[in-house]
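Common to both upcoming complexes is chain A, partnered first by chain B, then by chain C.
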Partner chain A sequence: MRNWGGSVVHFNWRHTVYGYVQSCYTPLAQRCYSHGGKLESDEEFDARWVTYFNKADIDAWELRKGMNTLIGYDLVPEPKILEAALRACRRLDDLASAMRILEAVKDKSGPHKKIYPYLIQELRPTLDELGISTPEELGMD
Partner chain B sequence: MLRLTAGRVGCLLSRRAVVGMTNSGARMSSHSHHEVSDQVDMSQPMYWDRLDTPLPDRAWIDVLDSKDKSLKQKEKGPWTALSKEEKIALYRLKFNHTYPEMKKPSHEWKTVIGGMFIFFGITGLVVFWQGHYVYPPQPHTFGEEWQAKQIQRMLDMRVNPIEGFSAKWDYKNKQWK
Partner chain C sequence: MSLAKPAMRGLLGKRLRFHLPIAFALSVVAAAAFKYGVTEPRKQAYADFYKQYDATKEFNNMREAGIFESVRPTGK
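For the complex of A and B:
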């Protein structure tokens, strides 16, 4: 971009357009910070999100913000992150959101049909414990 | 020549963007007054069905009657105690469309293609009418006789005799090669 003086002006589009998104457009091996800091490993990413949802007094806004951000990333969240999110729904007495989360991750898997059954399989103990029915069980697909 | 630093240019653009957005916000709220019977209050959290935003700012149904309220109370207990219908009802209270309903394909493409062809047709009629009523008569130089005489003249002049026009005419046998 050029200003009237003729010198080149650079805009940090990644800050304005992508904001807080921290994922890179590389194969999903690692997450990187948009500033160029230390690369975050998958385990650190997962741990960070599990901690976020495990907050004991999480409020509804934080749950919504967390889920919407997580779905915005170019990945399907690990079962342990989803488990923490579902438990957060339980603490907030919100069954509908729990089911919505399951729908959202199914949609995130896109053409890869095997991911969602795997996630449900991994989450089955949690789903049974909390009494969350999947949308399929309720005939909502 | 005005000299603006990078910061100033960025500041200007962001200010313009903010003004643009607030303008459109104000315009939208005044528009909705005409479009819907209830005025949509854009300053309140809104509900929307989006695939990439699973949990919108607001629940679908805000005003709960006593039946819904008692269901919400039951939701505070163990969810294993809820029946399937109750779970579906809780979902429908909070959300409008399910993901499969959001992703349902529409028949809009037929309208689009149909509209396209209608407009092509109208344009075709216009073009045809134009050709008949608007265009002046063709110049006399387009006539068969004139064209023949023109070609003969070009051959007599030896137009492009090496590689082009006259090179393709066989002068001995008076025909095209």
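For the complex of A and C:
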């Protein structure tokens, strides 16, 4: 499992069945209970990351750090997060990172082949506006 | 024709929840199969062999065969 090393996978151990712990079937992808506070919802998580990449004066390190952290989670980022990241690449004049982000989310999808086409569909307006080619369009896949 | 939104969260967790119990169960089965298919028959074979083993008789056979240096075959 290629994402084993970086992924943070948390089972939701809610039910106890037949005396052993059985995980609940609503997956909570990545939030930690370590601070004992309220659990962050998916929308709050997404909003936090969109805000991170929307920082007007984001620098290259923060872009790389953000993407690497995001890729470490047990999820494929939402289109709105990726859009904010691609716009950050535009502000940094970094086409290479923009295309790398596309490659990364394709790889992150693993065996789930329907995710990447959906993401490209959702990102198409942004890709066209920013003039970002996909690796497939350039024959680099 | 626009694509529907697929599941994008918790995919690895789902996979592990499915595969890890199976992997654990298969490992236990493999260990049990080896124990009862290999080690227990082996132990039983040794036990059966030594149940009727006459050490003195075997010693004398070996002695007559002349393999020892400390005792010569009888009659020499």
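Please note the rule applied: the second predicted complex is superposed on the first by the 110 of 141 C-alpha atoms of A that agree within 3 Å, B and C clash if a C-alpha of one lies under 4 Å from a C-alpha of the other, contacts with A are read in each partner's own complex, and residues count from 1 in each chain.
As a working rule, a residue touches a chain if its C-beta (ideal position, glycine included) is under 8 Å from a C-beta of that chain, and two chains touch if they have at least 3 such contacts.
What you see is a predicted model; the values in this text were computed from it and never measured.
With both structures placed on the common chain, the touch criterion links A:93 to chain B but leaves chain C unconnected.
When the two complexes are overlaid on their common chain A, residue A:42 makes contact with chain C while staying clear of chain B.
After superposition on the shared chain, chain A has more residues touched by B, the comparison being chain B against chain C.
Shared-chain residue A:74: touches chain C; no touch with chain B.
Looking at the shared chain after the overlay, A:114 reaches chain C, while chain B stays out of its contact range. In the superposition on chain A, chain A positions 1, 3-4, 9-11 are in contact with chain B in one complex as well as with chain C in the other.
Interface residues of chain A, counted against chain C in their complex, comprise 1, 3-4, 7, 9-11, 23, 25, 27-29, 42, 74-78, 110, 112, 114-115, 117-118, 121.
Touching chain A in their complex are the following residues of chain B: 1-4, 6, 9-10, 51-57, 59, 72, 75-76, 78-82, 84, 87-88, 90-91, 93-95, 98-100, 103.
The part of chain C that touches chain A in the complex is made up of residues 2-17. Contact residues on chain A toward chain B in their complex (touch as defined above): 1, 3-6, 9-11, 63-64, 67-68, 71-72, 90, 93-97, 99-101, 103-104, 106-107, 130-133, 135, 137-138, 140-141.
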